[in-house]
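Okay, got some structures for you below.
Two complexes are shown next, each including chain A; its partner changes from chain B in the first to chain C in the second.
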Partner chain A sequence: MKLHTAAQDLLGHLQSLSRIASGRLANPTLSGVQIAATGDGIELRATDLQVGLRIKLEGDVERPGTVVLPARLLLDITRQAPGPRVTLELRTEEQDVEVTAGSAVFHLRTLRGEDFPPLPEPSGAAGVDVSAAAFVATTAKVVRSAAKDDTRPLLACVLVRAEGEVLTMVATDSYRLSEKKTTLESPLEGSFEANVPARVMQELERLVPASGAESLTVARGENQVLFTVGEHVLSSRLVDGTFPQYRSLIPETFDHELRVSTSELREVVSRVSLLAQKAAALSLAFSEGELVVSAQTQDVGEAREALPVPFHGEAFAIGFNPEYLRDGLDTIDGDEVLLRLTSPIRPGLLQTTDDQGFLYLIMPIRLNS
Partner chain B sequence: MSSPRAILHADLDAFYASVEQRDDPALAGRPVIVGGGVVLAASYEARAAGVRGGMGGARAYRLCPDAIVVPPRWSAYVEASRAVRAVFEAAAPEVEPVSIDEAFLDVTGLDRLGRSPSAIGRALRLDVRREVGLPLSVGGASTRMLAKIACGAGKPDGLLALAPDDELPFLRARPVGAVPGIGPATVERLDAHGIRTVADIAAWSEEVLVAWFGGHGGRRLHAVAHNLDRTPVRSGRRRRSFGAQAAMGRGPHGSAAIDARLVGLADRVTRRMRTAGRAGRTITVRVRLGDYTAITRARTLPLRTAESAVVLAVARALLAEERALLRRRGVTLVGIAVSALEADDAPLQLALPLDGEEAAGTVRDPRAVDTAVDAVLERFGSGSVTRGVLVGSPGSEGSWPDPDERGPDRG
Partner chain C sequence: MGSEGTPVRCIGHLDCDAFFASVELLRRPELRGKAVIVAHDGPRSVVTTATYEARKFGVGSAMPLATAKNRCPQAIIVPPDLDAYREASAGVMGIVRDEVEIVEQVSVDEAYMDLSAMAMPKSAMRRLQARILRETELHVSLGIGPNKLVAKLASDAEKPRGFCVLSRKDAWLRWADASPGILGGIGPKTTDDLARRGVATIRALSKVDEATLSDWYGPRTGPWLWRRCRFDDDAPVEPVREPVSESRETTFSVDLSDAEEQEAELRRLSIKLFEALEKQGRRGRTVGIKVRLRDFTTVTRSRTFPVPVVDEEVLADAAIGMLREYAPALPVRLLGVRMASLELEDGPGVQLVLPLSTG
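Our next item is the complex of A and B:
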């Protein structure tokens, strides 16, 4: 195998691939990126057995062949490549690949190619085309609410449902829940529903702008879902089970509904959060016409800031994880946020004041009073 | 700046001698010396005559010729100590025993739950007197050192919990010998510099004290005089569970009768937990069947709880799964225990009930009822409030799983 390519292209792709390649698995080959050079062109592949990514690489194939190289190391080499072009050549005798970039020469031992599993091929037929921009914008609204750890795999997923002209995504880590319904410009031909790991959704968020693709194709199989974005194919095993029945958890009525300036509240929350360290709660104390946001961290200090709000009724204070509240406010698209609350131990809801099909439900932290 | 701590020092008065006086009514009110060759303990009556622990027997006898000398009964002391410790552990989240007859309790933050250090001190003294039959002295302050000094000042059979503003004046008025760790030799060295009270120490800067008494000694004296002591209260062995059980006579018992016991047990266990400021995630139900074999079933919740209704609901669910077995083989005892304990005063991130056990409309204020009942019980005693289903049920209830973790508020 011998190929020539632009360092910049290779670098961009390797950044995506090295997020998928995993050094934590028993099979060391999976920490590598597979480079397949054929008469049709060059494809780069990485997988951790759950998620797979295939990317077309622009370049010239001088001699076809397939090798697996350590993804992380190749990324670092490419990042520091002194020239604009990179050449990779397999040296069969030495069982290594010579990487030449400008005046720099590296010899990288290859990983065992036969241990690299085949990745699913896009079947083409069963796919549903969705506007890439709408898909990514919807993802951005919900994905941060997915659980960061895998203890309950379904909570580390985004529920993606597309039917007719509505694309719905939901994510919850049980402490907050985001739902976004996007109305598409034209109805879909076909429908699908899938629990997609949040990291796959985040990868799509990066791939779409990088590829410049206008639409993406979603093909849901029995155990797999395949996303085709331009020349990239991202595949994921589906997570078993049914996404939690979340609809009944969203209260229909609240005792308090306040319209507050989004930017003002965001800034106050952001400032006061500086003193809510070590998992300390942010306290939102409502009284007639006023909201006082405060925080304190033992052995560090306290902060408080008041802002006028149209609150009426019996005063109360509710606690929130500052990060969860900030995430919610950051996803509100509008000058005003509709803050809906009932009591210090009931979920609160953040919404836009106009109907954008978005809601952010957030569970409080029970404070000591 | 960190918030001040609330620390209690609890010390059994003339411990061995008090146990002897308790167990033999003939000794009550009389000078008692435990141990023959060397005085291990002297009752306050004997101390009034000048007898002290560690004193030789002959000298003690000369000082107090009518003292009654008894040999030590170690097993009785160990048992009494364990019972007292159970009272301490039910009252405070952090208990550090420092010897067989004294312990430090960290009760920081409990005043937010309506339990001030002096209220806890009073309850400790009352409970130890009532449950174990021994006199206890308690001192309270923001540091271990001062709590111990206060305890000593309150003896015998007293309580002295210092308010924050009273701490330094009280401390400064003490003679240096009252400070733990300042023995006769140091008292003498201090006296050579004209220092007799803690206020005399405070009159000198740390540099001067270091110059006179060396780096370590000088710095320590300076810390003493300004009540600087951050030593934490650390329990080597933390309580791992709260439990209670109720024996039921040979059956047959209907499910309503068993359920009534569960209600009472859930109330009692969670009340102890709330008193101690603890909450737990694992709820275990134990059932002794008609043939005296036992089964246990447990469930772990995603969030800690000290709420009666939650513990009861889980206990009921666990028993419901064994309904057929219980009906077939009968029930002679039921018990509930809560483990995987955490402090209940830390703020608690609530979670959406995604497993469908609770719909949004049913999220209630879980503490409201429980704390109201607790307040009444605290004020009027544990017999004053009984849930409807318990009226008329016999009170043959005991502690479980570990008898040594028996709380003070049983029955």
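Our next item is the complex of A and C:
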């Protein structure tokens, strides 16, 4: 195998691939990126058995062949490549790959190619085309609410449902829940629903702008879902089980509804959060016409800041995890946010003031008192 | 503290005499007057308590059972019954709290009391000792001093059925030539280290200046030692002792070398720990493990979650994950699991959760 390519292209792709390649698995080959050079072009592949990524790489194939190289190391080499072009050549005798960039020469031992599993092929059938921009924008609204750890795999997923002209995504880690419904410009031909791991969705968020693709194709198989973005294919094993029934958990009515300037509240929350360390709660105390945001961390200190809000009725204070509240405010698109609350132990809801099909439900933290 | 300076403190320390053994004797009067050792009977067991009859032969707490049996072959070994001891403890401590307002219980059979506000602390303590005996048939030793350190030394000084009142000066006269190891908080490592430096007694320790001690043991421990050897201690009696962590550990009769067995054991301990915390209505965010290898190398690892662990499987998996990462290179002698950053399940600071059901 021998190929020439632009260092910049290779670098961009390796960043995606090295997030998928995993050094934590028993099979060391999975820490590698497979480079397949054929008459049709070059393809880079990485997988951790859960998620697979195949990326087309622009370049010239001088001699076809397939090798597996350590993803992380190749990424670091490419990042520091002194010239604009990189050449990779398999040296069969030495069982290594010569990487040449400018005047720098590296010899990398290959990983066992036969241990690299085949990745799913995009089967032409049963795919649904969705606007890539709408898909990514919808993802961005919800993905942060997915659980960061895998203890409950379904909660580390985004529920993706596409039907007619509506694309719906939902994520929750059980402390907050985001739902976004996007109306598509044209109705879909076909429909699908899948629990897609949040990290796959985040990878799509990066792939779409990088590829410049206008649409992406989602194909759901028996236990796989395949996203085709331009010439890239991201595949993921589906997570077993049914996404939690969440609709009934969203209250229909609230005792208090108030409109607050999104940017003002965001800034106040961000400032006061500095003193909500060590998992301390942020307190939002509402009284006639005023909201006082405060926080205190034992042995560190306290902070408080007031802002005028159109609150009427019996004063009360509610506590939130500052990070969750910030995440919610960050996803509000609009000058004003609609805050809907009932009591210190009932969930709160953040919405836009116009109907954007978006809601952010957040569970409180019990406050002292 | 106003113009009169620091008020005079008066601290009491109560310690039940041979507590576990005494509880056993109440249940089994036929053992009275005999050498009784409370311990599990296994190759690695240690003595938890022994009756004074057994202590005469040199049997002491925390001694390997094998040694104890050698010293006192006629001793009767009784397996511990922790539930019974807890119940007896609740009886004693209930009376203590009834008689004294500020009580800090430090273990099942030991408590400090702040007697500073009492007009006649000595007679109050006499009354307490008699009442405990009358109502529970258990003997306790009491010590009274100007601080916790002296009070504890005093309760120990005339055991069993002791009653001892000491000032700092009395303590000095009694123990100036004893090892610094008797001053609670100074462990065998420090004691040995001091001895190596030629400081084998409290008197010798008191002659080392504060700066030198700070050089030897750091800016916290140095000055603390300096005060300690003068029988000076300003630690308050803290009525509620919020347990910040809880753990379960086991020393194996035979070292475990099989990874699967180690994991199974760690899982069992995790579930035991989780159940105990659940009963107390508490949960923690930090999971830790402790591994002791055959050569006594002891390592601990821990991991903190953003929210409390509410599932025993999560706790067990986290513990096992850390064990796998550490991958013990030698057979394992002891395994332990610990949860810290404990909080009440439903109190201030608790993150409420959406009642999601995932299939």
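In this section, the second predicted complex is superposed on the first by the 369 of 369 C-alpha atoms of A that agree within 3 Å, B and C clash if a C-alpha of one lies under 4 Å from a C-alpha of the other, contacts with A are read in each partner's own complex, and residues count from 1 in each chain.
Here is the rule we go by: contacts are C-beta pairs under 8 Å (C-beta built on N, C-alpha and C of every residue); 3 or more make two chains touch, one makes a residue touch a chain.
Worth saying up front: this structure is predicted, and the values here are computed from it rather than measured.
K.L.:
In the superposed model on chain A, is it clash or fit for chain B and chain C?
P.N.:
Clash.
K.L.:
Should A:343 be classified as contacting the first partner (chain B), the second (chain C), both, or neither?
P.N.:
So A:343 only meets chain B here.
K.L.:
I'd like to know which partner A:97 touches here: chain B for first, chain C for second, both or neither.
P.N.:
A:97: touches no partner chain.
K.L.:
Scan A:156 for contacts with chain B and chain C and give back first, second, both or neither.
P.N.:
After superposing on A, A:156 lies clear of both chain B and chain C.
K.L.:
For A:172, is the partner it touches chain B (first), chain C (second), both, or none of the two (neither)?
P.N.:
A:172: touches chain B and chain C.
K.L.:
State whether A:37 touches chain B only (first), chain C only (second), both chains, or neither.
P.N.:
A:37 contacts neither chain B nor chain C.
K.L.:
Contact-wise, after the overlay, does A:242 reach chain B, chain C, both or neither (first, second, both, neither)?
P.N.:
The answer is second: A:242 touches chain C but not chain B.
K.L.:
Return first, second, both or neither, reflecting whether A:299 touches chain B, chain C, both chains, or no partner chain.
P.N.:
After superposing on A, A:299 lies in contact with chain B but is clear of chain C.
K.L.:
Where does A:251 make contact in the superposed view: on chain B (first), on chain C (second), on both, or on neither?
P.N.:
first
K.L.:
Under the stated touch criterion, which partner chain does A:284 make contact with: chain B (first), chain C (second), both, or neither?
P.N.:
In the superposition, A:284 contacts neither chain B nor chain C.
K.L.:
Considering only the listed stretches 4-12, 202-210, 328-336 or 364-372 of chain B, which one runs into chain C in the superposition?
P.N.:
The stretch that clashes with chain C is 4-12.
K.L.:
Same chain A residues contacting chain B and chain C, which ones?
P.N.:
In chain A, residues 155, 172, 174-175, 177, 244-246, 249, 280-281, 321, 345, 347, 361, 363-369 are touched by chain B and also by chain C.
K.L.:
Tell me, which parts of chain A touch chain B in their complex?
P.N.:
On the chain A side, the touching residues are 155, 172, 174-175, 177, 244-246, 248-251, 280-281, 298-299, 319, 321, 343, 345-347, 361, 363-369.
K.L.:
Okay, in this complex, where on chain C does chain A touch?
P.N.:
So the residues of chain C touching chain A come out as 285, 305-307, 311, 314, 317, 346-359.
K.L.:
Considering the complex alone, what residue numbers of chain B touch chain A?
P.N.:
For chain B paired with chain A, touching residues are 2-3, 109, 112, 302, 345, 347-356, 359-361, 363, 365-366.
K.L.:
Which residues of chain A touch chain C once you look at their complex with the stated criterion?
P.N.:
148-149, 151-152, 154-155, 172, 174-175, 177, 241-246, 249, 279-281, 321, 345, 347, 361, 363-369
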